[in-house]
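Two complexes follow with subunit A in common, the first pairing it with subunit B and the second with subunit C.
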Partner chain A sequence: MVMKPNIAHDFASQYDEMRGQLPGSHLNWLQTLREHSLNVFGELGLPTVRNERWRYTNLNKIRQENFVPASHISSCSKITLPSEKFTQIDAYKIVLINGTIIKSLSDIDDLPEGLKLEQIDEIGENKLSRLLDFERTPMAALNTAAFTDALCFNIRDGACINKPIHLISVAETSTDPVVFHPRFMINAGQNSKVTFFESHIGAKGSNYFSNCVAEIELSSNATLHHYKVQNDHEDATHIAASEVRLADGSNYENFVVTVGAKLSRNEINAQIIGSNADCRLLGIYLLNGKQHGDHTTSIDHAAPDSTSHEMYKGVLDDNARGVFQGKILVRKDSQRTNGYQLNQALLLSKGTEVDSKPELEIYADDVKCSHGATAGELDEEALFYLRARGISEVVARNLLIEAFIKSALDEISNPSIQTTLGATISNWLSAGKCND
Partner chain B sequence: MSVTAETAKAVKEIGDKYEFGFVTDIELETAPKGLNEDIVRFISAKKNEPEWLLNWRLKAYAHWLKMPEPQWAKVKFPPVDYQDAYYYAAPKTEADKPNSLDEVDPKLLETYEKLGIPLKEQEMLAGVAVDAVFDSVSVATTYKAKLEEKGVIFCSISEAVQKYPELVKKYLGSVVPYGDNKHACLNSAVFTDGSFVYIPRGVRCPMELSTYFRINAENTGQFERTLIVADESSYVSYLEGCTAPMRDENQLHAAVVELVTLDNAEIKYSTVQNWYPGDENGIGGIYNFVTKRGACRGRNSKISWTQVETGSAITWKYPSCILEGDDSVGEFYSVAITNNYQQADTGTKMIHLGKNTRSTIIAKGIAAGKSDSTYRGQVKIMPGGDGARNYTQCDSLLIGNECGAHTVPYIESRNPAAKIEHEATTAKISEDQLFYCRQRGLSDEEAVALIINGFCKEVLQQLPMEFAVEAQKLVGISLEGSVG
Partner chain C sequence: MLKIKNLHVSIDGNEILRGIDLDLEAGKTYAIMGPNGSGKSTLSYVLAGSDKYTITDGTVSFNGKNLIGMNPEERAGEGLFLGFQYPVEIPGVATSTFLKTALNAVKKYRGEDELDAMQFLKLVRKKAEEIGISDEMLKRPVNVGFSGGEKKRNEVLQLAMLEPKLAVLDETDSGLDIDALKTVADGVNRLRGPKRSMLVITHYQRLLNYIVPDVIHVLVNGKIVATGAKDLAIELEKSGYSMFTDSQAA
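Moving on to the complex of A and B:
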């Protein structure tokens, strides 16, 4: 396979040229930050499988494609997706097209008290990129150098936002494959409570590369429920990294449903810096065809008396490949940590592959940490039981798959979101793929 | 068997000093310090090896020069100065090997006695044939006659090269090729001795075969090479045990063990590893870089690894099974105990190639003091592994808050008809358990030894009887000073 060895520099030179045109170019701090990020990315390059964190995910698809940066000017006029895509749930909508906010489609002026949306001019120095470690997430360096809009959702101390915030990232592409870099931050103030819903969708017949970065910070006793449906176009590449920091008593729940994109990676790095915090990372991946879905998480217990809970369940069909890498790090003084991690994969056909690496790194003795991983096909006996009762094979299989997934779905605290995500999953099962 | 009494006694017997820390003073015939092509030629010439073997060694050496050190293990140590070690040392008795134990250098016998291996008595009492490796050359082999009667070949690998060159040539390097990893590569270039076992078709080896290894000369790396071939429908149980004297210089130990089972054959390989772990300040101790791998070549064959790892400053060891034959079985039972500044990165690889292959992994890691213990294992099911099955259980126990216990499993399945289950836990000894034991009159250390023995029971009971007792003692000894 011929690889472009200097792909990082290709990206770098593209963005170097257009830096002056990106939003916020008048801000000195941002210029410095972008320049630094670009240099770092140029040095680190696109991660290869030799990088332990990228061991199972090969980015050759990006290397082989000539992605051009999405133009952020004319995208408004090109919306081809039907409008019901934007109203799935009753929420405060924020619509991004190719990484750029579209004000006319967003509820930007109707935001409730307690929620303030800041854009790049208002965010201010030293806030952006604070949680990122480029060595760990090189793709976030590229995002920082190249994002068009950065959105910062600030939830005031004590505020309880009545409806979810719904961030919809839409890809609209023309003939050339494009690359864009959605970027947002969530700062949940003390004792605040908010639900954040992310949707990623693409127009038909499009090949694009969406490189998302989220920086999420929870202050003391904040509660953030963060849901994500990645239903990007079947030819697309979706690489996402979320950095989460949890202060004492805070509650973070993340649930991702991965059904889209040919190549996807959802990486979450959570750092627990306060005690009595609870971090829950959950997800379901349903992949078929030649899809590759990677879920990589790491939870850093840097404070005592906190808990983390992870559960990822995958269903793989055709030649799909699922990857799960999870790491729980318990630092020396993080006594009385409770950590749990589970990855289960259901392999429906020959040609599928699952790779799991659940990892524990523990330096404190008074802890309870465990993980489990399983892989296998549908239980023949259960299938036989159902078929013996006159249920057709397709229905029986779908029943068993639904039952397999349900235990992960049941972990979602918000019942209406549970219903919404449940519907997405049922759709996938009945159509063989998600077509919502 | 009363574990408590046994262990408590063992713990008491041990003072502050490492029990087996003494150096036997024997004149050695040594090659000069350092490693180069001439040393490789010297070793080969000393052993009067055929040309193919010399060429193989030289190829390995040339490859070794280019190979990078493996960096992925979770162990830290200063870079090894390969030029600051001796690569060949043989006891002087090598020139004329003794015909019976009576002719063996009495000093050697004394050494074994201190280790609790009365070689003379073993012949009668234990029913175990011993191919004792003292430094690098086998000096005594017992029960040979009885084994020969059955057609079992059990000798040093140098002897096998002379006597059974076709067998050695066929299997040597066939499971662990010389370019496998840097340490195995070094071993291929400079291995001095080791054991060779061949069990002919249909033979059940009448006794457990055992080799006691011992590093003795100052600055002598140990490069053992073991090759065990079980022909169709044969069975052998092999024991390996290590103790080493106390010293400050770090010593390199890069052994290679290759196992081959043909149709319906079974090899059970048990190890108690108790090389010198360094003192309580982390000074000295053995670097134990071992490549152990078994190939289940035949249908319905089985390889079972059991290990109790308590010694060495650094353990880097992954006894693995390549399950090629349909219905073949791989097992890995491991206890790794680290104390003070020891670092252990150990685990296994189970590669399922054949249909209905099964593997079981039970790994128990116990970390105390300032040590680090890592389980690193891979289970890989290839597309041909229909009906393959794996069960993995890794449990770690932490004693004190300055140590670390880590679990790094790689689980890769390319076959939907395979079933993999993996679970791991990390915890400490519960206060309730300790309280319960103390209430019944056990001291802290006795209680911990008892609980740890219970924690490891699943693995320890896999060991042959003689080893099980020794291992239980070791469990207690290794954790000495870590409680209270």
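Moving on to the complex of A and C:
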């Protein structure tokens, strides 16, 4: 029997060799953590479609590439950030290039009272990876073994951060395909309020693999609005896992716009451990060509009297494929849980495919949970009606597409972010980015 | 204005229109009356450019241009307007956004200056008020949750905004009570003028009491079987369409 080379081992040996050179090699706790993570990843390997959680997303594209770890960029590289609207929001900017923070492009010295940013040297033992379950997210094990910077955003109890924090992850590659591992944590203190905006952009070069991990913890009555635009290069791979833990009375709102990358996955695992918490997972995916976009969520209701609300809307054209997997687990004592989940896809051409897998696992008897999934085409009657009023076919189609995703956009609580994202999407649509 | 010659149209291989000849002049109002299934709605959809139908023979020219080769938006730009029998509901698109997009598209086509947000608002408010459409209705998604009367008034508002040369009104009276019918008819009558033609398509004579046509054509089984003045409608109301259908059967 011929053994196929296992790329997981390649990754593992690559990072094993450079372990001493990775940032934080002087920290014993980090060395131990990295070693453990690398061992686990070496054993688990890259997830395959035999893994139920990866059933619809095949990582062969990664297996076939010889990715090189992105070299550590320490000085400012001459880079111009794309001028798209969403990158221009008024915010505290933190810029990563290939997973490494670029201090000269970041507002690191102008952060407000109440927000403290810690890097590897300051984070301290027993904080990183606390929320991760490597069996569930093997790619997070690789990230932990290999990240070049870990950023920990601490929001002090009671603090209300006046502007969004904007983490901009930029990819800059040359000839070799590179892999990098953006990594951050958000700890929202009791009664704190913060908006966190994540942008993922390909600035130069096309073939790269961005393997992101976020660990997010909300203390009692914290409110965190977490928005993300994934506009990576159309040939890139973007795999992201966010682990979220919600304490009592906390509010977490996540909204993702997936428009970039050839192959992408946005996985969110939320655990609700307190009562009266509200977890909202929302998103829009606009894919064309041969793009593959996977949105996998799991919400664990581990306490009574909390709510979760999910709404994802996808627009697929050409041969694009969308995947949605949404699991809601309601544990035995999590009475009076209210869960809602909806995934809707608009299929603009015959070659598109959407796989929707809702999964409800309910052990409590007093709960309200519902889910729905639809896939449909543009309404031809509506299209004709608009055109009969003089509106060109392209504009009419875009009007209908925007109308389709509007109900998801409307869910965004922050009105200025809602406007910015709405305008960004309109521009993309009229430029034919997601609809040609 | 509109010249139709020997128009044959079929859908899924069934011939619906079997040789229509029509000649509409500017400034006049015409009615096409006919029983269900006679091809009235087919004619209006074909004129507006629906691709559900196949034109197997004949010509249609609109102000000297070949209408058949144009797509629906070009026809609207040229000045053709179809008032829909069943206006389509479009969730997520605000009526005012729809109106502004349509108006500016048509203005662009006609080589006129597009309106900015303020100019548009001023214009739409004035026209909407005349037809009895509130600001609140303009904010609502197109036709969603509108009553039958509101939908038809919305059609008349679009007609008023787009200022076509020819308005084809398909069963504008269907589903309206008498008060709503009067409002809609008043709106249409206000828009009649020496340069604008109207083609009113209806099953019943009732509407023609309010929008009085210059000429009435009777369409039965895909053909125009009679042409006359407004008295023809009253005659039809008494005897019904059976005089034509029977004679064809015989």
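Here, the second predicted complex is superposed on the first by the 413 of 436 C-alpha atoms of A that agree within 3 Å, B and C clash if a C-alpha of one lies under 4 Å from a C-alpha of the other, contacts with A are read in each partner's own complex, and residues count from 1 in each chain.
Convention: a residue touches a chain if its C-beta (ideal position, glycine included) is under 8 Å from a C-beta of that chain, and two chains touch if they have at least 3 such contacts.
Keep in mind the model is a prediction, meaning the values are calculated, not measured.
Participant: Looking at A:Asp366 after the superposition, I want to know if it touches subunit B, subunit C, both of them or none. Which is it: first, second, both, neither?
Facilitator: After superposing on A, A:Asp366 lies in contact with subunit B but is clear of subunit C.
Participant: Would you sort A:Ser392 into first (subunit B), second (subunit C), both or neither based on which partner it touches?
Facilitator: In the superposed model, A:Ser392 contacts subunit C only, not subunit B.
Participant: Touch check for A:Leu400: first (subunit B), second (subunit C), both, or neither?
Facilitator: A:Leu400 sits against subunit C, while subunit B stays out of touch.
Participant: By the touch definition at the top of the document, which applies to A:Ala382: first (subunit B), second (subunit C), both, or neither?
Facilitator: second
Participant: Between subunit B and subunit C, whom does A:Asp107 touch in the aligned arrangement: first, second, both, or neither?
Facilitator: So A:Asp107 meets neither subunit B nor subunit C here.
Participant: Quick one: is A:Leu347 in contact with subunit B, with subunit C, with both, or with neither? Answer first, second, both or neither.
Facilitator: first
Participant: Could you pull out which subunit A residues touch subunit C in their complex?
Facilitator: Subunit A residues touching subunit C: 379, 381-382, 384-393, 395-396, 399-400, 402-404, 406-407.
Participant: Where on subunit B does subunit A make contact in their complex?
Facilitator: Those residues of subunit B that touch subunit A are 72, 383, 396, 398-428.
Participant: Please output the residues of subunit A touching subunit B within their complex, sorted ascending.
Facilitator: Touch list, subunit A to subunit B: 52, 332-333, 335, 345, 347-377.
Participant: Quick one: in the complex, what on subunit C touches subunit A?
Facilitator: Residues 48-50, 71-73, 75-77, 82, 84, 87-93, 97-98, 101-103, 105-106, 109, 141, 158, 162 of subunit C touch subunit A in their complex.
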